[in-house]
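Same chain, two partners: chain A is paired with chain B first, then with chain C.
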Partner chain A sequence: MEHLQLTLSYVNQVLIFAVFALSLNLLQGYAGQVSVAPAAFGAVGGYTLGYLFLNDPSSLNTPLGALLLVIIGSVGAAIVGALVAFPALRLTTEWLILLTLAVQTIIVSLVQTVSKLGGTYGLQNISGLKIFGRELDQPADMFPFFLAMTLIVFAVCWRMGESPYGRVLRGIREDEIACRSLGKNVFLFKTIAFGMTAGMAGLAGTMQVINNTVASPPLFDFSQSSTIVSMVVVGGAGNLLGSFVGVAVLVLMQPLFEHVLNFGADAAALWRLIAFGVVLIVVLMVRPAGLLPDKVTRRLGKTLAKMKDRPAEGSDFVPHPDLQEMHAIEEHLSTEDKVRVMPRALAIKETSGNGPATSAVNIGDVVLKVVGLSKRFGGIVAAENLDMELRRGTITALVGPNGAGKTTVFNLLTGAIRPDAGEVYLGGEDIVGLTPDRIAKRGMARSFQAVRIFPRLSVLENVALGVQHQPGESFAQLFGNVPRTMKVEKEVRERSREWLTFVGMADFADQPAGGLAFGQQKLVALARVLATEAEVLLLDEPASGIDHQWVDVMLGLIEQIGQQGRTVCIVEHNLHVVERLADHTYFMELGRITAQGSFVELTTDKRLAEAYFGTA
Partner chain B sequence: MSSVNFANFLQLLADGIFNGTAYALIGVGFSLILSVSGRFHIAYAMTYTLAAYVAAWMGTAYHVPFWPALLLGALAAALLGALMERLVYLPLSLRALSRGADPLLVMFVASLGLTVIVRNGIALAALQQSSVNIQGFNNQGINWGPITVTTLNLTTFFTTWGLIFALWAVLNLTNLGRMIRAVRANWEMSLCIGIDPSLIFVMVFVIGSFFSGVAGVFQATFASATPDLGLPPFFYALVVAFLAGLTSGPIRIALVAVALGVVEAMSTLLLPTQFTPLVVFAILFFYVALRPVNFKDLRRRFSPKPQVAAG
Partner chain C sequence: MELHDTSEIAPAPAAQVNKPDLVVAAGLKAGYGRKQVVFDVNLHVAEGEIVSIVGANGAGKTTTLKTIYGMLPAMGGTITYLGQNTTKSFATQNAARGMALIPAERFVFGDLTVKDNLLLGALHEKSTAARDERWKRVHELFPILAERSNQKAGTMSGGQQRMVSLGLALMSGPKLLMLDEPSLGLAPAVVIEIFSTIRRLADSEGLSVLILEQNIGQALRVADRFYVMRSGRIILEETNAQMRARKDYWDLF
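After this line comes the complex of A and B, so read on.
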């Protein structure tokens, strides 16, 4: 019997740390938000439970018993976590480490300082807790409760991580700016992630206090937090099952050193930590993604290994057979035929109610109107008094020398930078001051010159992130309406596959995007921006940096997009591209639009021809 | 809470300056390592602790006098720092680069691992002793009018500032200093002009760890050496380094450290003494939290704006 209790006490330890590790893994492995404060959130939960219980033991007199206190503790931690999210939202890794370190230290110093919380000794004698009338005294009593809590946390983390919701979290981990440009409210996702994971850490804290019958600072100090971080890394960030492995490796080293190797309890505790430190560093060296890496990272590793033996793009690179075939088909198709091979969604604006100005679809209508747009960075004029119009079903090009401010215009239009003055009307409504995600949702999406693909997501997932109005991306629907989220997810994947077929990348759907050649990544990025089904598409140098065979494919695709009534604006250096695509061209110099007209009009302008285009 | 009078104020000011000086040495050392090599080196706390133990053991076991023991402790710290860089950080950073992982995060986690190993290794070696003392320093109080200082305060003060000025001189006046600054600015470019960044990384680990070692021995002389000696002062070093700006020169960083020490000491005028660590971390929290906020942008966002439809 004693043996069983001892075994179960280790199992309980595994379960407690598993809850800590699962919650941190969701935050760090999926959402990419580093935190060194999980134990501090545990302290919020654990101390809340201990304080409420010691001050009013009658609070246990409901049938829920201590479960009520567990819930209150977890919610308290969730609130603190969501509050911490606010300053954390715009921080890069090193600042995030620093901020969470400050939070960790502040919370533990606070509980250590406040005399009502027991100071250095903490809150003692938290025993005699009951849940559903059952006392939680021995490890065997706690085990079923701990197991249930761990399973619930695992289910919640799984649902959040391995779903459209988790896809967005992983997108945020890979590239926040790209995520916002696809209409994702990064702010909300991060706040919920911080709040939920802090709440789960708070739950682990209550379990820790129940298990130890005390709530004391050493249970929740920095070394506990760093242990939890290490467990996640050893197990594999982004793989929830890996967290169990990481936790088990560390916790079960104690009985190994104490009972198997007979080191004595004190020395065994130190040896197990030393051994774990060594395991951590060896894992980082040998398996940087952890013992159980997440599946895309695993595949990416294999692809990168293969790439070492592959010839570099540009030398004797041959496009994928799909593309060659598609190219061949295209050459023999009339425009009407081409329309038929395109995804339904490309022409969707005529039937769907999404986006602005869909009621009256007339080619040539002004969809985007820019009036007096200006932006200065200190003494540098990035944009001065710009007036522009983009018309439906046409392709507009923005050309000019390096540093003219072309990409800045895209940043201003999409809300990435706020203009100092001027208005931008999308479908008649001023969108200045809206965040990039809201502008994307209103029907203007952009691509990036440096593609900004999500490398550790599959090609299909990259495109699926572009699809708008997914119930699975809403926290409430994720848990509130499971059948609908599953049904829509199936449609999202189908539609994403259609877009990939359209750009000729369907065969690569399940590959990690980071393993593709640059030209392929550009095609995936195009599919991704198309998947937003935005009315206005801003394409930043869509044909730059890619092999000439791909350029042709890319331009053919953009032409088709324009022909379908989408409004396209491209920034481009390559004059052949502009000549082939642009219906209207703006010429920018030093932040000003100095000329506009057709491509021929601009290239025949004497001043521009001499200064920029070269005399032909 | 202390009562406010001039003598009290002067004493707190002196305490603040001396405490701040203690943070200065490790603040400078940590930021040198982080800014040049990019390693988020939490195990820095452990070179501090190791030096204290080595100096203490030298004194108790071999009767080595204070200053040679301090030097040996600091050299042991420098050696440990160099080994950590050479055996763990450098190989890991090369792997991280080749796999596209975030090197900062990898280094940070590795550093956690090193911290755990060294901290518990020391605890294991000193399992029978809860703490050890540094021998051979005769600490005495000196009364300067209304304030009292100790010979340890003054020794720490002059040694620290001596080392900080020496580092300033090395960074600004020597060829090695130019190479360190070049690597800090752009380690890849420094390769093109014949500098081996990996050697410079080891150099900054040696210098930074030596500094932490000196600070650790002084701290252990004041209190005593325990396995957890290093972590709290390391957190202060972190605050100092980031508040001062990582690429700032050593003198500026040291002055920020002193300012932080003074603010911390003065806070006892307003708050109970046990809250002082909170003050430091609250400063850090608000500094980090508010740093990226563009107030001009915020004001614009909340200013009313007419919504007029186009044309």
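After this line comes the complex of A and C, so read on.
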């Protein structure tokens, strides 16, 4: 019997740390935010429970019993977490580590200083807690409760991480700016993730206090936090099951040395520390992604393993100087590759015409109007008194020498940079001062010169992040109507696949986007921005780095977008592209628009021809 | 104006064939991890020769370049540079011996000034005179870099950063210059200027150049010889004249 209690006490410890590690994994592995203060948030939960219980044990006279205190403690920790998140989440990784370290120190010092919380001894004799009338006394009594809590936390983390919501979190981990440009409120996502992590750490803290019958500083100090961080790293950040493995390995070292190898309690504690360090070093060297790596890393491994047996696609090619032969081989290759179907989504909703208000949608209407837009960086004029108009169903090109401020214009229009002066009207409303995600939601999306793909997301996930109005990306709906979010998610994936087929990348749907060649990434990025179905599309050098065949496809596609009543603005140096696409061209130099007109008008201008086109 | 102009910037010297090879790759195999993407590539570049590798996205062009430079280990085959076997050399060693590679992504030291970026390029050059000479040449090629000498490179526009990385490579006084999509994101006039500089350096100083291009039209202006890559293999080798004679060179992809 005693043997069983001892075993269960270790199992309980595993469960407590599993809750800590799972919650931290959600923040670190998915959202990519570091926190070295999980134990401090545990202290908030644990001390809350202890204080409330000792002050008024009668509060346990409800059927819920201690469960009520557990809930209060967790919610309290979540609120503290969200408050900390507020200043913290604007910081870069290094500063975030320092800030959470400060939070860790402050909270633990605080509970030691406040005499009502027992000082350095902490709160003692927190025993006799009951849940649903059952006393939590022996490890065997606690086990069912701890197990239930762990499963709930696992379910919550799984739902948040392995869902459209988690896709956004991982997108944030990869590239916040790109996420914002796709209409995601990055700040809200991060705050909720931080708050939820802190809340679940608070829950783990209450479990820790129940298990130890005390709430004392050593239970929640920095060394505990660093152990939890190590568990996540050893198990594999971004893989929730990995956290169980990481916890089990590090917690069960103590009984391994003490009971299995019979070292005695004191020696075992020391050996445990040494072994802990060795495990950490070995794992980081041999399996840097952890014992159970996340999905993408795993998938990459599988692809590579397959590649070993099967050299590579098309490796049966024989070099042959004769073009005739080559054509024969080429035809032998996939012919379906060349059939491209416009996704349903792109077929723009026909204006029904029966409502007078909607009939205002006409080709040629000014959709975006820019008045007197100016921006300076120190002494450098990035944009000076710019006036522009983008008309529905037309393609406008922005050309000019390198450094003229073309990309800056995109940054100003999409809210990435705040202008010093001027107005930007999208559909008649001034959008200056709105955040990039709100502007994207209002129907103006952009692509980036440097692609900004999410490298450790699959190609399909990259595109899926562009799809708007997903209930699964809302925290409130995530745990509400699960069948509906799952149904919509299926549609989202289907539609993303259609976009990928359209740009010819469907074969790569399940590969990590980071493994693609530059031009292929560019196509994925285009599919992603198209998936937003925004009315106004700002494309920064869409054709650069894409091979000839695909350039044609891409230009055809952009033309179609224009013909279907969308509004497109491109920045492009490739004159073939501008010549073919642009209905109207603005010429920029040193932050000013110095000429505008048709492409022919600009290229026949002698000064511009010499300065820019190099054709004089 | 003629948009489809592929006229050469300067006529290629006829006697290229007699020059000794600067770099030779024989049976080169390369890839990432266990995934092989380049198969038995044979190529050579003579002194003063400009060679272009053309091919579609993902054909293995960049991988070939990185392997020659020593950024990726070769999985098989040999690389000979300046008469020595450099198959196992690291990029640092190759750079010290006169190789320079300019990646397609913009690559600058963002927190350093433009000037410091360029000076870093001349790290291995001990002669002040040579350094000043190159310094002048880079500034002639990209006047904006002289104007913005004290600006942090990271705050320049995308195209200007490409100019900095090109300048950085030229400052090293390379013997073998490897350019990955040099025309990417640069104004047409700038591209023409870059190509004519390369041509001049090849003709007057014997600079060897390996250019990756997806745009054959651009490459036709400057390259003496072409390799066409597909699916990790070289499927065709042609001279400029042969390539130019093709009406269907786009179909090569």
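Everything that follows uses one rule, which is that the second predicted complex is superposed on the first by the 557 of 616 C-alpha atoms of A that agree within 3 Å, B and C clash if a C-alpha of one lies under 4 Å from a C-alpha of the other, contacts with A are read in each partner's own complex, and residues count from 1 in each chain.
As a convention for this text, contacts are C-beta pairs under 8 Å (C-beta built on N, C-alpha and C of every residue); 3 or more make two chains touch, one makes a residue touch a chain.
Remember, it's a predicted structure, so these values are computed and weren't measured experimentally.
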With the two structures laid over each other on chain A, which partner does A:Glu579 touch: chain B (first), chain C (second), both, or neither? second
Determine, under the contact definition given at the top, whether A:Phe222 touches first (chain B), second (chain C), both, or neither. first
In the overlaid three-chain picture, which partner chain does A:Ser474 touch, first (chain B) or second (chain C), both, or neither? neither
Examine A:Ile97 and indicate which partner it touches, taking first as chain B and second as chain C; both and neither are also allowed. first
Going by the contact rule set out at the top, does A:Glu541 touch chain B (first), chain C (second), both, or neither? second
Where does A:Ser230 make contact in the superposed view: on chain B (first), on chain C (second), on both, or on neither? first
Kindly classify A:Gly428 by the partners it touches after superposition: chain B alone (first), chain C alone (second), both, or neither? first
Thinking of the overlay built on chain A, is A:Leu273 touched by chain B (first), by chain C (second), by both, or by neither? first
For chain A, give the residues common to its interface with chain B and its interface with chain C. 304
Residue set of chain A touching chain C in the complex reads 303-305, 307-308, 311-315, 317, 319-321, 323, 326-327, 377, 400-408, 449-450, 515-520, 541, 544-550, 573, 575-576, 579, 603-604, 609-615
Can you name the residues of chain B that touch chain A in the complex? 40, 42, 88, 91-92, 95-96, 99-102, 104-106, 108-110, 112-117, 119-121, 123-124, 127, 231, 235, 238, 242, 272, 274-275, 277-278, 281-282, 284-285, 288-293, 297, 300-301, 305, 307-311
Which of the residues in chain A end up touching chain B in this complex? 34, 86-87, 90-91, 93-95, 97-99, 101-103, 105-106, 109-110, 112-113, 222-223, 226-227, 229-230, 233, 266-267, 270-271, 273-274, 276-278, 280-281, 284-285, 288, 301, 304, 366, 369, 371, 418, 423, 425, 428-430, 432-433, 455, 514
Per the touch rule above, chain C residues touching chain A in the complex are 1-3, 5, 31-37, 39, 55-58, 62, 104-106, 144, 155-160, 162-163, 181, 183-193, 214-216, 230-237, 248, 250-253
